[in-house]
Amino acid sequence: MEKTRKIKNVFREGAITSEMIAKSIAAHQPKTDIGAHEIFLGQVRADQIDGNVVKSIEYTAHEDMANAIFHDIREETFNKFDLSCIHIYHSLGNVNTGEICLFVFVSSAHRVPARKALEFLVEEIKSKAPIFGKEIFEDESHQWKVNN
Amino acid sequence: MKLYLKYFGLIAELMKASEIDLEVSSGISVGELKSNLINGNQELERISFSVAVNQQMVTDDSVVCEENDEIALFPPFAGG
Amino acid sequence: MEKTRKIKNVFREGAITSEMIAKSIAAHQPKTDIGAHEIFLGQVRADQIDGNVVKSIEYTAHEDMANAIFHDIREETFNKFDLSCIHIYHSLGNVNTGEICLFVFVSSAHRVPARKALEFLVEEIKSKAPIFGKEIFEDESHQWKVNN
Amino acid sequence: MKLYLKYFGLIAELMKASEIDLEVSSGISVGELKSNLINGNQELERISFSVAVNQQMVTDDSVVCEENDEIALFPPFAGG
(Lines give C-alpha, C1' and ligand atoms only; values in the text may rest on other atoms or scores of the structure.)
Protein backbone atom coordinates (compact mmCIF):
# COMPACT_ATOMS: atom_id res chain seq x y z
CA MET A 1 0.00 0.00 0.00
CA GLU A 2 1.60 3.22 -1.18
CA LYS A 3 1.07 6.18 1.09
CA THR A 4 1.37 9.37 -0.85
CA ARG A 5 -1.30 11.38 0.94
CA LYS A 6 -0.42 13.56 3.91
CA ILE A 7 -1.87 12.99 7.35
CA LYS A 8 -4.59 15.60 7.73
CA ASN A 9 -6.08 17.04 10.87
CA VAL A 10 -9.59 15.65 11.07
CA PHE A 11 -10.52 17.63 14.18
CA ARG A 12 -12.42 20.89 14.40
CA GLU A 13 -13.11 22.81 17.60
CA GLY A 14 -16.84 22.73 18.36
CA ALA A 15 -19.72 21.85 16.04
CA ILE A 16 -19.40 21.32 12.30
CA THR A 17 -21.57 23.98 10.68
CA SER A 18 -23.87 23.66 7.68
CA GLU A 19 -21.85 26.47 6.05
CA MET A 20 -18.71 24.35 6.28
CA ILE A 21 -20.57 21.40 4.72
CA ALA A 22 -21.88 23.63 1.92
CA LYS A 23 -18.36 24.92 1.24
CA SER A 24 -17.05 21.39 1.05
CA ILE A 25 -19.79 20.36 -1.40
CA ALA A 26 -19.26 23.45 -3.58
CA ALA A 27 -15.51 22.75 -3.69
CA HIS A 28 -16.30 19.59 -5.69
CA GLN A 29 -18.01 21.34 -8.58
CA PRO A 30 -14.81 21.60 -10.67
CA LYS A 31 -14.35 17.82 -10.34
CA THR A 32 -16.53 16.84 -13.26
CA ASP A 33 -15.55 13.17 -13.12
CA ILE A 34 -17.74 12.88 -10.01
CA GLY A 35 -21.27 11.53 -10.47
CA ALA A 36 -22.26 10.73 -6.88
CA HIS A 37 -21.59 12.09 -3.42
CA GLU A 38 -22.59 10.31 -0.22
CA ILE A 39 -22.50 12.15 3.08
CA PHE A 40 -22.87 10.98 6.68
CA LEU A 41 -23.58 13.51 9.41
CA GLY A 42 -23.57 12.58 13.09
CA GLN A 43 -25.82 14.86 15.13
CA VAL A 44 -25.87 15.07 18.94
CA ARG A 45 -29.11 13.57 20.24
CA ALA A 46 -30.99 14.87 23.29
CA ASP A 47 -31.18 11.41 24.85
CA GLN A 48 -33.21 11.07 28.06
CA ILE A 49 -31.94 8.94 30.91
CA ASP A 50 -34.18 8.75 33.99
CA GLY A 51 -35.78 12.05 33.07
CA ASN A 52 -32.41 13.74 32.70
CA VAL A 53 -31.82 15.15 29.20
CA VAL A 54 -28.47 15.35 27.41
CA LYS A 55 -27.68 18.96 26.48
CA SER A 56 -24.26 18.52 24.89
CA ILE A 57 -21.35 16.17 24.33
CA GLU A 58 -17.81 17.19 25.13
CA TYR A 59 -15.41 15.37 22.81
CA THR A 60 -11.80 14.54 23.58
CA ALA A 61 -9.39 12.36 21.61
CA HIS A 62 -5.87 11.10 21.36
CA GLU A 63 -5.52 13.54 18.50
CA ASP A 64 -2.21 12.45 16.96
CA MET A 65 -3.11 8.80 17.11
CA ALA A 66 -6.65 9.42 15.87
CA ASN A 67 -5.38 11.46 12.91
CA ALA A 68 -3.00 8.63 12.01
CA ILE A 69 -5.84 6.12 12.27
CA PHE A 70 -8.14 8.30 10.17
CA HIS A 71 -5.34 8.46 7.62
CA ASP A 72 -5.04 4.67 7.52
CA ILE A 73 -8.82 4.24 7.27
CA ARG A 74 -8.89 6.73 4.40
CA GLU A 75 -6.05 4.94 2.57
CA GLU A 76 -7.70 1.56 3.03
CA THR A 77 -10.99 2.95 1.72
CA PHE A 78 -9.30 4.39 -1.38
CA ASN A 79 -7.76 0.98 -2.00
CA LYS A 80 -11.02 -0.91 -1.57
CA PHE A 81 -13.36 1.32 -3.58
CA ASP A 82 -13.16 3.35 -6.79
CA LEU A 83 -13.37 6.88 -5.36
CA SER A 84 -12.50 10.45 -6.29
CA CYS A 85 -12.41 11.99 -2.80
CA ILE A 86 -12.81 11.29 0.90
CA HIS A 87 -13.20 13.99 3.53
CA ILE A 88 -13.64 13.41 7.25
CA TYR A 89 -14.17 15.98 10.01
CA HIS A 90 -14.83 15.32 13.69
CA SER A 91 -15.56 17.78 16.46
CA LEU A 92 -13.51 18.30 19.59
CA GLY A 93 -14.79 20.10 22.67
CA ASN A 94 -18.40 20.99 23.23
CA VAL A 95 -21.16 20.16 20.72
CA ASN A 96 -24.75 20.95 21.69
CA THR A 97 -27.72 18.73 20.92
CA GLY A 98 -28.92 19.27 17.36
CA GLU A 99 -25.42 20.20 16.24
CA ILE A 100 -23.19 18.10 14.00
CA CYS A 101 -20.11 16.34 15.39
CA LEU A 102 -19.06 14.08 12.49
CA PHE A 103 -19.00 14.79 8.75
CA VAL A 104 -17.93 12.04 6.35
CA PHE A 105 -18.01 12.89 2.65
CA VAL A 106 -17.28 10.43 -0.17
CA SER A 107 -17.32 11.12 -3.92
CA SER A 108 -17.13 8.74 -6.86
CA ALA A 109 -18.02 8.54 -10.53
CA HIS A 110 -20.83 6.16 -9.57
CA ARG A 111 -23.23 5.74 -6.69
CA VAL A 112 -22.48 2.16 -5.59
CA PRO A 113 -18.77 2.66 -4.69
CA ALA A 114 -19.68 5.92 -2.91
CA ARG A 115 -22.37 4.17 -0.89
CA LYS A 116 -20.23 1.18 0.08
CA ALA A 117 -17.25 3.37 0.94
CA LEU A 118 -19.37 5.59 3.19
CA GLU A 119 -20.66 2.61 5.15
CA PHE A 120 -17.14 1.22 5.52
CA LEU A 121 -15.74 4.59 6.65
CA VAL A 122 -18.41 5.29 9.25
CA GLU A 123 -18.14 1.82 10.80
CA GLU A 124 -14.33 2.01 10.85
CA ILE A 125 -14.38 5.45 12.45
CA LYS A 126 -16.86 4.35 15.12
CA SER A 127 -14.84 1.26 16.04
CA LYS A 128 -11.22 2.39 15.61
CA ALA A 129 -10.84 6.11 16.34
CA PRO A 130 -9.73 6.93 19.92
CA ILE A 131 -12.38 9.57 20.50
CA PHE A 132 -14.36 9.96 23.71
CA GLY A 133 -17.63 11.71 24.45
CA LYS A 134 -18.82 13.06 27.78
CA GLU A 135 -22.59 13.41 27.64
CA ILE A 136 -23.51 16.39 29.76
CA PHE A 137 -27.04 16.54 31.15
CA GLU A 138 -29.15 19.61 31.78
CA ASP A 139 -28.47 19.28 35.54
CA GLU A 140 -24.69 19.33 34.80
CA SER A 141 -24.23 15.66 35.74
CA HIS A 142 -22.66 13.50 33.04
CA GLN A 143 -22.07 10.02 31.69
CA TRP A 144 -19.62 8.65 29.15
CA LYS A 145 -20.93 7.89 25.69
CA VAL A 146 -20.44 4.35 24.37
CA ASN A 147 -20.80 3.43 20.68
CA ASN A 148 -22.81 0.42 19.66
CA MET B 1 12.71 3.07 33.68
CA LYS B 2 10.21 5.79 32.87
CA LEU B 3 6.92 5.38 31.00
CA TYR B 4 4.77 8.22 29.76
CA LEU B 5 1.11 7.41 30.52
CA LYS B 6 -1.90 9.05 28.92
CA TYR B 7 -5.43 8.62 30.26
CA PHE B 8 -8.59 9.40 28.30
CA GLY B 9 -12.29 9.90 28.98
CA LEU B 10 -13.65 7.95 31.91
CA ILE B 11 -10.14 6.68 32.75
CA ALA B 12 -8.78 10.23 33.05
CA GLU B 13 -11.75 10.97 35.30
CA LEU B 14 -11.09 7.95 37.53
CA MET B 15 -7.32 8.56 37.65
CA LYS B 16 -7.82 12.29 38.22
CA ALA B 17 -5.13 12.98 35.61
CA SER B 18 -4.71 12.91 31.86
CA GLU B 19 -0.93 12.53 31.64
CA ILE B 20 1.56 11.11 34.11
CA ASP B 21 5.19 9.90 34.16
CA LEU B 22 5.53 6.52 35.82
CA GLU B 23 8.68 4.78 37.11
CA VAL B 24 8.50 1.03 36.53
CA SER B 25 10.96 -1.87 36.66
CA SER B 26 12.49 -2.47 33.25
CA GLY B 27 11.07 -5.40 31.29
CA ILE B 28 7.53 -4.82 32.55
CA SER B 29 4.82 -6.19 30.24
CA VAL B 30 1.61 -4.43 29.29
CA GLY B 31 -0.31 -7.01 31.33
CA GLU B 32 1.81 -6.37 34.45
CA LEU B 33 1.41 -2.62 34.00
CA LYS B 34 -2.37 -3.01 33.78
CA SER B 35 -2.39 -5.09 36.99
CA ASN B 36 -0.31 -2.45 38.79
CA LEU B 37 -2.66 0.31 37.68
CA ILE B 38 -5.75 -1.64 38.75
CA ASN B 39 -4.15 -2.37 42.14
CA GLY B 40 -3.60 1.38 42.51
CA ASN B 41 -7.18 2.23 41.56
CA GLN B 42 -9.80 -0.52 42.02
CA GLU B 43 -12.38 1.44 40.00
CA LEU B 44 -10.38 0.65 36.86
CA GLU B 45 -11.31 -3.00 37.30
CA ARG B 46 -14.96 -2.44 36.49
CA ILE B 47 -14.38 -0.86 33.07
CA SER B 48 -13.13 -2.45 29.90
CA PHE B 49 -10.16 -0.52 28.64
CA SER B 50 -7.71 -0.89 25.79
CA VAL B 51 -4.05 0.05 25.57
CA ALA B 52 -1.91 1.67 22.87
CA VAL B 53 1.89 1.61 23.06
CA ASN B 54 3.44 4.45 21.07
CA GLN B 55 0.10 5.01 19.35
CA GLN B 56 -0.30 1.39 18.23
CA MET B 57 -3.15 -0.63 19.72
CA VAL B 58 -1.87 -3.60 21.73
CA THR B 59 -4.02 -6.70 22.06
CA ASP B 60 -1.33 -8.97 23.49
CA ASP B 61 -0.73 -8.37 27.22
CA SER B 62 2.71 -10.02 27.02
CA VAL B 63 4.15 -7.14 24.96
CA VAL B 64 7.08 -5.64 26.88
CA CYS B 65 7.28 -1.88 27.50
CA GLU B 66 10.47 0.03 26.79
CA GLU B 67 12.02 3.15 28.31
CA ASN B 68 10.06 6.33 27.42
CA ASP B 69 7.21 4.44 25.76
CA GLU B 70 3.94 6.32 25.50
CA ILE B 71 1.24 4.11 27.03
CA ALA B 72 -2.30 5.29 26.32
CA LEU B 73 -5.27 3.89 28.28
CA PHE B 74 -8.55 4.12 26.43
CA PRO B 75 -12.11 3.51 27.65
CA PRO B 76 -14.52 2.32 24.91
CA PHE B 77 -14.37 4.52 21.80
CA ALA B 78 -17.26 6.91 21.24
CA GLY B 79 -16.53 8.86 18.08
CA GLY B 80 -19.36 10.20 15.92
CA MET C 1 -50.99 2.34 4.47
CA GLU C 2 -52.24 5.62 5.86
CA LYS C 3 -51.41 8.64 3.77
CA THR C 4 -51.37 11.70 5.93
CA ARG C 5 -48.50 13.50 4.22
CA LYS C 6 -49.19 15.90 1.37
CA ILE C 7 -47.77 15.35 -2.11
CA LYS C 8 -44.82 17.72 -2.35
CA ASN C 9 -43.20 19.17 -5.42
CA VAL C 10 -39.82 17.47 -5.70
CA PHE C 11 -38.71 19.52 -8.70
CA ARG C 12 -36.53 22.61 -8.77
CA GLU C 13 -35.64 24.62 -11.86
CA GLY C 14 -31.93 24.24 -12.60
CA ALA C 15 -29.15 22.98 -10.35
CA ILE C 16 -29.53 22.28 -6.64
CA THR C 17 -27.14 24.66 -4.88
CA SER C 18 -24.89 23.96 -1.91
CA GLU C 19 -26.65 26.85 -0.12
CA MET C 20 -29.95 25.03 -0.46
CA ILE C 21 -28.40 21.85 0.93
CA ALA C 22 -26.89 23.81 3.85
CA LYS C 23 -30.27 25.38 4.61
CA SER C 24 -31.90 21.97 4.60
CA ILE C 25 -29.27 20.58 6.99
CA ALA C 26 -29.52 23.57 9.33
CA ALA C 27 -33.31 23.22 9.43
CA HIS C 28 -32.84 19.90 11.24
CA GLN C 29 -30.96 21.33 14.24
CA PRO C 30 -34.12 21.77 16.33
CA LYS C 31 -34.94 18.07 15.81
CA THR C 32 -32.85 16.74 18.67
CA ASP C 33 -34.16 13.18 18.34
CA ILE C 34 -32.01 12.86 15.21
CA GLY C 35 -28.62 11.19 15.58
CA ALA C 36 -27.69 10.48 11.96
CA HIS C 37 -28.24 12.08 8.57
CA GLU C 38 -27.40 10.38 5.29
CA ILE C 39 -27.31 12.39 2.08
CA PHE C 40 -27.05 11.40 -1.57
CA LEU C 41 -26.09 13.99 -4.17
CA GLY C 42 -26.16 13.25 -7.89
CA GLN C 43 -23.72 15.43 -9.82
CA VAL C 44 -23.64 15.83 -13.61
CA ARG C 45 -20.54 14.12 -14.99
CA ALA C 46 -18.53 15.39 -17.98
CA ASP C 47 -18.66 12.01 -19.70
CA GLN C 48 -16.66 11.65 -22.92
CA ILE C 49 -18.10 9.78 -25.87
CA ASP C 50 -15.88 9.55 -28.96
CA GLY C 51 -14.00 12.66 -27.88
CA ASN C 52 -17.18 14.64 -27.40
CA VAL C 53 -17.66 15.91 -23.83
CA VAL C 54 -20.99 16.31 -22.03
CA LYS C 55 -21.44 19.93 -20.92
CA SER C 56 -24.90 19.71 -19.36
CA ILE C 57 -28.02 17.62 -18.93
CA GLU C 58 -31.45 19.00 -19.66
CA TYR C 59 -34.01 17.28 -17.45
CA THR C 60 -37.67 16.82 -18.25
CA ALA C 61 -40.27 14.77 -16.41
CA HIS C 62 -43.88 13.83 -16.20
CA GLU C 63 -44.04 16.15 -13.23
CA ASP C 64 -47.43 15.28 -11.75
CA MET C 65 -46.87 11.56 -12.08
CA ALA C 66 -43.30 11.81 -10.81
CA ASN C 67 -44.39 13.79 -7.75
CA ALA C 68 -47.03 11.15 -7.00
CA ILE C 69 -44.42 8.40 -7.39
CA PHE C 70 -41.93 10.26 -5.17
CA HIS C 71 -44.72 10.54 -2.63
CA ASP C 72 -45.37 6.80 -2.72
CA ILE C 73 -41.65 6.01 -2.50
CA ARG C 74 -41.35 8.32 0.50
CA GLU C 75 -44.34 6.71 2.24
CA GLU C 76 -43.01 3.22 1.61
CA THR C 77 -39.61 4.23 2.97
CA PHE C 78 -41.17 5.67 6.14
CA ASN C 79 -43.03 2.37 6.59
CA LYS C 80 -39.94 0.22 6.06
CA PHE C 81 -37.41 2.12 8.19
CA ASP C 82 -37.43 3.99 11.50
CA LEU C 83 -36.90 7.56 10.27
CA SER C 84 -37.44 11.13 11.37
CA CYS C 85 -37.37 12.85 7.97
CA ILE C 86 -37.04 12.31 4.24
CA HIS C 87 -36.40 15.11 1.75
CA ILE C 88 -36.00 14.69 -2.00
CA TYR C 89 -35.23 17.34 -4.62
CA HIS C 90 -34.63 16.80 -8.33
CA SER C 91 -33.66 19.33 -10.98
CA LEU C 92 -35.64 20.19 -14.08
CA GLY C 93 -34.20 22.05 -17.05
CA ASN C 94 -30.51 22.63 -17.58
CA VAL C 95 -27.86 21.41 -15.11
CA ASN C 96 -24.21 21.92 -16.05
CA THR C 97 -21.45 19.40 -15.39
CA GLY C 98 -20.22 19.66 -11.81
CA GLU C 99 -23.63 20.84 -10.63
CA ILE C 100 -26.04 18.83 -8.50
CA CYS C 101 -29.27 17.44 -9.98
CA LEU C 102 -30.52 15.14 -7.20
CA PHE C 103 -30.54 15.65 -3.43
CA VAL C 104 -31.86 12.88 -1.17
CA PHE C 105 -31.71 13.53 2.56
CA VAL C 106 -32.67 11.00 5.25
CA SER C 107 -32.58 11.48 9.02
CA SER C 108 -32.98 8.98 11.84
CA ALA C 109 -32.12 8.50 15.50
CA HIS C 110 -29.53 5.93 14.42
CA ARG C 111 -27.19 5.44 11.49
CA VAL C 112 -28.26 2.02 10.22
CA PRO C 113 -31.89 2.89 9.35
CA ALA C 114 -30.70 6.14 7.74
CA ARG C 115 -28.16 4.26 5.61
CA LYS C 116 -30.58 1.53 4.50
CA ALA C 117 -33.33 4.03 3.76
CA LEU C 118 -31.03 6.17 1.63
CA GLU C 119 -30.01 3.19 -0.47
CA PHE C 120 -33.63 2.15 -0.91
CA LEU C 121 -34.72 5.68 -1.86
CA VAL C 122 -31.99 6.27 -4.42
CA GLU C 123 -32.58 2.93 -6.16
CA GLU C 124 -36.34 3.46 -6.19
CA ILE C 125 -35.97 6.97 -7.61
CA LYS C 126 -33.61 5.79 -10.35
CA SER C 127 -35.89 2.95 -11.42
CA LYS C 128 -39.39 4.38 -10.91
CA ALA C 129 -39.43 8.14 -11.47
CA PRO C 130 -40.46 9.23 -14.99
CA ILE C 131 -37.56 11.66 -15.44
CA PHE C 132 -35.53 12.03 -18.63
CA GLY C 133 -32.13 13.52 -19.26
CA LYS C 134 -30.80 14.92 -22.54
CA GLU C 135 -27.02 14.92 -22.37
CA ILE C 136 -25.83 17.92 -24.34
CA PHE C 137 -22.29 17.82 -25.72
CA GLU C 138 -19.90 20.71 -26.21
CA ASP C 139 -20.59 20.65 -29.97
CA GLU C 140 -24.36 21.01 -29.21
CA SER C 141 -25.15 17.45 -30.34
CA HIS C 142 -26.93 15.30 -27.77
CA GLN C 143 -27.82 11.82 -26.60
CA TRP C 144 -30.41 10.54 -24.13
CA LYS C 145 -29.16 9.48 -20.71
CA VAL C 146 -29.98 5.94 -19.58
CA ASN C 147 -29.74 4.82 -15.93
CA ASN C 148 -28.00 1.59 -15.07
CA MET D 1 -63.04 8.09 -28.94
CA LYS D 2 -60.32 10.55 -27.99
CA LEU D 3 -57.09 9.76 -26.13
CA TYR D 4 -54.73 12.33 -24.76
CA LEU D 5 -51.14 11.23 -25.55
CA LYS D 6 -48.00 12.52 -23.87
CA TYR D 7 -44.53 11.84 -25.24
CA PHE D 8 -41.32 12.24 -23.25
CA GLY D 9 -37.57 12.44 -23.89
CA LEU D 10 -36.37 10.52 -26.92
CA ILE D 11 -39.98 9.62 -27.81
CA ALA D 12 -41.02 13.29 -27.93
CA GLU D 13 -37.98 13.88 -30.14
CA LEU D 14 -38.90 11.03 -32.54
CA MET D 15 -42.59 11.99 -32.61
CA LYS D 16 -41.76 15.70 -32.99
CA ALA D 17 -44.39 16.47 -30.35
CA SER D 18 -44.86 16.27 -26.61
CA GLU D 19 -48.65 16.21 -26.42
CA ILE D 20 -51.24 15.14 -28.95
CA ASP D 21 -54.95 14.26 -29.06
CA LEU D 22 -55.58 11.00 -30.91
CA GLU D 23 -58.86 9.61 -32.27
CA VAL D 24 -59.03 5.82 -31.89
CA SER D 25 -61.70 3.19 -32.16
CA SER D 26 -63.29 2.51 -28.78
CA GLY D 27 -62.17 -0.62 -26.98
CA ILE D 28 -58.58 -0.28 -28.20
CA SER D 29 -56.02 -1.99 -25.97
CA VAL D 30 -52.68 -0.56 -24.93
CA GLY D 31 -50.98 -3.19 -27.11
CA GLU D 32 -53.01 -2.20 -30.17
CA LEU D 33 -52.30 1.46 -29.54
CA LYS D 34 -48.56 0.71 -29.33
CA SER D 35 -48.69 -1.19 -32.64
CA ASN D 36 -50.54 1.71 -34.30
CA LEU D 37 -47.96 4.18 -33.05
CA ILE D 38 -45.04 2.03 -34.20
CA ASN D 39 -46.69 1.63 -37.63
CA GLY D 40 -46.88 5.40 -37.84
CA ASN D 41 -43.25 5.89 -36.82
CA GLN D 42 -40.89 2.96 -37.40
CA GLU D 43 -38.17 4.58 -35.29
CA LEU D 44 -40.25 3.81 -32.20
CA GLU D 45 -39.63 0.13 -32.81
CA ARG D 46 -35.94 0.31 -31.99
CA ILE D 47 -36.41 1.77 -28.49
CA SER D 48 -37.83 0.13 -25.42
CA PHE D 49 -40.60 2.25 -24.06
CA SER D 50 -43.12 1.95 -21.25
CA VAL D 51 -46.67 3.22 -20.98
CA ALA D 52 -48.68 4.86 -18.21
CA VAL D 53 -52.45 5.17 -18.40
CA ASN D 54 -53.78 8.03 -16.28
CA GLN D 55 -50.40 8.21 -14.52
CA GLN D 56 -50.33 4.51 -13.60
CA MET D 57 -47.67 2.33 -15.19
CA VAL D 58 -49.20 -0.41 -17.33
CA THR D 59 -47.32 -3.66 -17.81
CA ASP D 60 -50.19 -5.61 -19.37
CA ASP D 61 -50.72 -4.77 -23.05
CA SER D 62 -54.28 -6.13 -22.95
CA VAL D 63 -55.48 -3.24 -20.74
CA VAL D 64 -58.26 -1.39 -22.59
CA CYS D 65 -58.12 2.39 -23.01
CA GLU D 66 -61.13 4.53 -22.21
CA GLU D 67 -62.38 7.85 -23.55
CA ASN D 68 -60.17 10.80 -22.52
CA ASP D 69 -57.50 8.58 -20.95
CA GLU D 70 -54.09 10.16 -20.60
CA ILE D 71 -51.58 7.80 -22.24
CA ALA D 72 -47.93 8.62 -21.46
CA LEU D 73 -45.12 7.06 -23.50
CA PHE D 74 -41.81 6.90 -21.63
CA PRO D 75 -38.34 6.04 -22.88
CA PRO D 76 -36.04 4.50 -20.21
CA PHE D 77 -36.02 6.53 -16.99
CA ALA D 78 -32.94 8.63 -16.30
CA GLY D 79 -33.50 10.47 -13.04
CA GLY D 80 -30.58 11.39 -10.81
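Order of writing sets the chain letters: A, B, C and D. Residues in each chain are counted from 1.
Following the convention adopted for this analysis, a contact is a pair of C-beta atoms (placed from the backbone, for glycine too) under 8 Å apart; a residue touches a chain by one contact, two chains touch by 3 or more.
Source: prediction; values computed, not measured.
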*Just give me the whole-number Å value for how far the CA centre of chain C lies from that of chain D.*
26
*Calculate how many whole Å lie between the centre of chain B and the centre of chain C, each centre taken as the average of the chain's C-alpha atoms.*
49
*Go ahead and note the Å separation of the Cα centroids belonging to chain A and chain C.*
23
*Find every residue in chain C that makes contact with two or more other chains and list them.*
42, 111, 122
*Junction residues of chain B, two or more chains touched*: 80
*Linking chains that touch, what shape results: line, ring, star, complete or other?*
line
*Inter-chain touch pairs (all)*: A-B, A-C, C-D
*Residues of chain C touching chain D in their complex?*
42, 59-62, 64-66, 68, 90, 101-102, 122, 125-134, 144-147
_Using the touch definition from the top, list the residues of chain B that touch chain A in their complex._
6, 8-10, 12-13, 52, 55, 72, 74-80
*Could you please specify the touching residues of chain A with respect to chain C in the complex?*
18-19, 21-23, 25-26, 28-46, 97-100, 107, 109, 111, 115, 118-119, 122
